[in-house]
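The structure that follows is given in the form of structure tokens.
As written, the chain order gives the labels A, B, C and D, with residue 1 at the start of each chain.
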Amino acid sequence: MTQLILEQALNGLQFGLMLFLLAAGLTLVFGIMDCINLAHGSLYMVGAYFVAAAAQAADSFWIGLGVGVAGAAVLGLLLELTLFRQLYRRDHLSQVLATFALILIANEAVRVIWGPAPLLLNPPEALAGPVELPLFGETFFYPAYRLLIIGVGLAVAGLLYLLVAKSRVGMWVRAGASNREMTEALGINVRWLFTAVFVFGAALCALAGGLLGPLLAVQVGMGESVLILAFVVIIIGGIGSIRGALVGSLIVGTVDTLGRALLPTLLRATLPGDAAATLGPALASILIYLLMAGILFFKPQGLFPARA
Amino acid sequence: MAEALLEVRQLSRCFAAVDALKDVDFSLDAGEVHALIGPNGAGKTTFIHHVSGALQPDSGSVHFAGRDVTRLAMHQRVAAGMARSYQITNVFRGLTALDNVALAVQGRSDAGSSFRFWRPVRSERRLFDEAQDFLEQVGLADKAAIVAGQLSHGEQRALELAMALATKPQLLLLDEPMAGTGPEESARMVELIEHLARHVTILLVEHDMDAVFRLADRISVLVNGQLICTGTPEAVRNDTGVRRAYLGDHL
Amino acid sequence: MAFYRPTRWQRSLTIVLLTLLLGLPMLLNSLEQGFYIGFATRVLIFSLAATSLNLVLGFGGMVSLGHAAFFGAGAYIAAICQQAGLSEALLALPLAMLGAGLLALLIGAISLRTRGVYFIMITLAFAQMVYYLFISARAWGGDDGLPLSERMRFAGFSLVDDAALYYLALGALAVVMLLLGRLTEARFGRSIQAIRENETRMEALGYPVFTYRLVCFALGGAVAGLAGALLANLTGLASPALLQWTQSGTLLVMVIIGGVGYLYGGVVGAVVLLLLEEVLLGYFAHWHIVLGLLLLAIVLFAPKGVAALFGRPRG
Amino acid sequence: MPSRLTALAAALLLAGAAHAADSIKVGFVSTLSGPGAGLGVDIRDGFNLGMKQLNGKLGGLPAEVLIADDQQSPDVAKQAADKFLKKDKVDFMTGIVFSNIMLAVGPAVFQNQTFYISANAGPSQYAGEQCNPFFFNVAWQNDNLHEAVGKYVQDKGFKNVVIVTPNYPGGKDAVSGFKRYYKGKVADEIYTKLGQLDYAAELAQIRATKPDALFFFLPGGMGINFVKQFVAAGLSRDTQLFAPGFSADEDVIKAVGAPMMGMFNSSHWAHDMENAENQRFVANFQKEYGRLPSLYASQGYDAALMMDAAVRDVKGNVADKKALQKALEAKRFKSVRGDFKFNTNHYPVQNYYLRVIGKDVQDRVTNKTMGTIFTNHADAYVASCKMK
């Protein structure tokens, strides 16, 4: 039984860290530029397509990942310079409409370029099998590729934490998140800070898209469902705070995975047969929304509000 | 002494280690004009926010007409008869002056509920006539059809007064009515407040000392969130503590 | 901002349009194009749904990105009524409105405690929660949605014939537009518009601002439920796709194209969008790119939307 | 402004009014995007290959095939079908992949008295009490392939089996079919979300139950991801994988490759069948599309041939529904999977074969036919079908 719990916990950690890659970019764009970006999911999708296409062309996962992330960063730069600079000053309604339009354009453009069927993206050959670790007397199997994802996720989280907490640029980012007007007044070239944050967010999206591509499928519309989870994460964590995004994504990741895995078996033990069958999946899928509503009830600004 | 209309007991509130208000005791008798003065940042506007319900205190209580209103929301205190104006003019800039006041009349509990979905408001003559009266009271009778945004600053302050009056309050909280008004506009505002004082109790927060000493029956002085003295204008003028903490030596 | 006042010739235009629409089914049948009666009914139903969002967004000032939850809930309630044997629309439609209205009351009570961006995201998240609730119950058809075995009857008249359902939808839209027209000019309408403009000032005038917004949000939800119940009858299926947040986005697009805060904003937006889709789909399979570019143009260059040409705010 | 709108609408309608009387129209609605896209694309390519061989004619009359993508959503499928039935007034419809979509679209098609030739979805409902004279299935009844695997797993003496299938009608048919012939212990029945792609949680659960065999029915992209993750989790060492033909065919093999080696599955068709019709089909398909045909492609191809034979039988008079029904039931065409005949509920009665995935003579990883599990096997629901 302990193996099951350990494996599900690792699954939760892996899912949480991937959510963090998405939530980090989203919460900064939100916190600093006060701009709601529904098209963040589309950046994740387009990034995954870049990675998949590059991986197929170069016939190597790693080159594909590198090229894909760089391509997404360039796309992020173009988008930021042309559209988002106009949007920062606009009201939230215009931001919602403009970014919703971006989703429509992105989904159709991908369908035109790569066709409606999903793209094939295989993990690197070396990591296709499981890793065997001796644990509590038996050997514990865990897919090597998922361990890679956990590793990359932790590395990026560490890098981001150092960048935001310790570096000068990070200080500007935090200042921008808590009070944008004051930051501008202090003579920081906020325009380029916004661009840098947006591009960095886009790159993180592509990284998540590329890493999750082999586990999920690189297909049209893959961004929409994961976007909701990213929103829930930054609501829980507190808009504009990297720490909030990290804690929020780990909470959502583990609660969602453990809920989906353990709840049905838990309910089956307690409730009569068919009630558990219907209640189990229902409760598991809305667990994180109940969690969000609960947290907001006590802390309406999320756990670590950037804006005091 | 007349039964106190408003009583504030041991009101304290701190914002992240800054004691904005510290154990403030304050009382206001019916029919009185009680001025609250103090240097910038003394906590005057914070005090009014707590009396009007915009902010909740850490400790202490607010009693109005004998009832403990500390936990009541702002709109409930307004319904109980407490109206306020804002330091920075806060009117519906896109609506005509008449519509602004009509909204205030419509909001009153004795003017019928606003949860009405059928009868067009334009057909409720009584509502607009009453609004016109309040405009007359503040001298804006001829500006009824003008959009509030196009009125002069002084006229907008007067409009805000009319809206506060339209809620038929027992107590009127005036937050620096003279702020930003020119000499003859503030003179007209003082006359206006004198006229209003005859039938409504007023808590006046103001920097303009001439207006304060002319209008106030009693004056309280707030410095660094603490009430250092309350009394007649003469008593306050000669109080050494006030002089040193607030007016410096030249008064 | 000023209180919304329809222009003088808007009333006469509405009457002309209404008579035209009454004759449409006969015209279509004579042209042997029965399919377009169903399409016209779909446009009427989406006009109703977009108008319900316009009440919440345009007049109430609440940017809700979860309005599809009530639209879809209405469809599911109709399907569940039909499954339970109640196939009389005269009862099922009000039931759908009541159910969706209560759901809106519940979600509104929690969401309206927040402001700005948080409100947008919380309505989005709650709508997603409603989506998961409906698709996880096997009794309600799980992922495939809940089919209606056959269309309901309205006061005894069967709705199986497309024209009958068309007239029911037209009647519902006409009644709602009449009520909404009155509401916006009545005390409640002026109050929520004033709250939209300056919430603190209205609170300082003694208005229980939270309650007004909640009632407006619930009313919008109820009308969306009505539209959902009608759509379930048209398509014969309460489909989970109705509850998805991208559907909320589409309704939002309709209101914004049509003109936020204009009485006919929802109707014009729905007509323009659905007609554009029908016409363009024939010639350009990837028409969403055209729609996306059109929306960007509207946001950047014409924020007031199409209906701005109709009811210019007076004063 | 609105008056111009209604004028535009009227003009548009007149353009669509002209309707060619003497040609055959086929409405092809299928899943061409999303995880199930591979299946829909194969059916379409198979159907188009059939039309190409009949040089664009059905029963001698010029034929027009209208194609629409249902994006694996019952809602979109209903709208597309409604347009084909009412606006384009098609004579035949085909192409749907998933049973939940078939059940959503069926009623409108039958009410419109249009014949539906299913090239894949064979829900138990249309084989049993809801059977309909206007519904023909040229592929199979959903349960059949699962029954065949159930019988094989039972014969091979596996004792502790886990079943994994999506939570939709097709999935439920799979479980009932498998358990009709497999009498051993079922350790766990895991229902996943239709379209789910990450099976980490389910795989951990499977590892905990330690089954000796695992039967999964996950079509298209779902199957691809499941097998890849199953092998990556190291479960393939001590658990033998079984699947019906449509979770282990060319589309899955092309994506997963070597890890599929040694996997048993059942099917009513295999590309290495000797009959002449099949050899010609496999050769032409490879020439046309450069890949081996999957069983979906063979069903799409058969659907085209079937329509052609029926239209020729009624000499083009598709308006006579009774005659057309008789012609379809007579099945005067030679199917690529050898001979089969229709049961009273219009579902096929045919053989089911055992296949195993290995390397063929050109060293390609593909299916090899091993033997026959069922001969002239009928579905289990025909008794409750009261169609005269």
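Quick note on the criterion: a residue touches a chain if its C-beta (ideal position, glycine included) is under 8 Å from a C-beta of that chain, and two chains touch if they have at least 3 such contacts.
For clarity, every value in this text was computed on a predicted model and none was experimentally measured.
S.K.: What are the chains that subunit A and subunit C both touch?
M.R.: Both subunit A and subunit C are touched by D, going by the contact rule given at the top.
S.K.: Treat each pair of touching chains as one step and give the shortest count from subunit A to subunit B.
M.R.: 2
S.K.: Select the chain at the greatest separation from subunit A, using centres from the mean of Cα atoms.
M.R.: Most remote chain from subunit A, centroid-wise, comes out as B.
S.K.: When the centre of a chain is set as the mean of its C-alpha atoms, what distance in Å lies between subunit B and subunit C?
M.R.: Centre separation, subunit B to subunit C: 43 Å.
S.K.: CA centre of subunit A versus CA centre of subunit D: separation in Å?
M.R.: 36
S.K.: Please tell me the distance, in whole Å, between the geometric centres of subunit B and subunit D computed from their C-alpha atoms.
M.R.: Roughly 77 Å separates the two chain centres.
S.K.: Can you compute the centre-to-centre distance for subunit C and subunit D, using the mean CA position of each chain? Integer Å is fine.
M.R.: 38
S.K.: Residue numbers in subunit B touching 2 or more other chains?
M.R.: Where subunit B is concerned, no single residue meets two or more other chains.
S.K.: In subunit C, which residues are in touch with two or more of the other chains?
M.R.: Only 138 qualify.
S.K.: Which subunit A residues touch at least two other chains?
M.R.: 111, 281
S.K.: For each chain, which other chains does it touch, given as pairs?
M.R.: So, checking each combination of chains, I get A-C, A-D, B-C, C-D as the touching pairs.
S.K.: So in the complex, which bits of subunit C are touching subunit B?
M.R.: Against subunit B, subunit C makes touches at 1-3, 179, 182-183, 185-191, 194, 197-198, 200-209, 212, 215, 315.
S.K.: Per the contact definition, I'd like the list of subunit B residues that touch subunit C in the complex.
M.R.: It comes out as residues 52, 54, 73-76, 78-79, 83-84, 86, 90-92, 94-96, 99, 103-104, 106-109, 112-122, 147, 163, 167.
S.K.: Please output the residues of subunit D touching subunit A within their complex, sorted ascending.
M.R.: Within the complex, subunit D touches subunit A at residues 32-35, 37-38, 41, 69, 167, 191, 193, 197-198, 200-201, 204-205, 207-208, 221, 224-225, 228-229, 231-235, 255, 259.
S.K.: In their complex, what parts of subunit C are in touch with subunit A?
M.R.: 57, 63, 65, 110, 113-114, 116-118, 120-122, 124-126, 128-129, 132-133, 136-139, 244-246, 249, 252-253, 256, 260, 286-289, 291-296, 298-300, 303
S.K.: Touching subunit C in the complex: which residues of subunit D?
M.R.: Residues in contact with subunit C: 1-3, 5-6, 8-10, 12-14, 16-17, 73-76, 78-79, 82-83, 86-87, 100-101, 103-104, 107-108, 167-169, 193-195.
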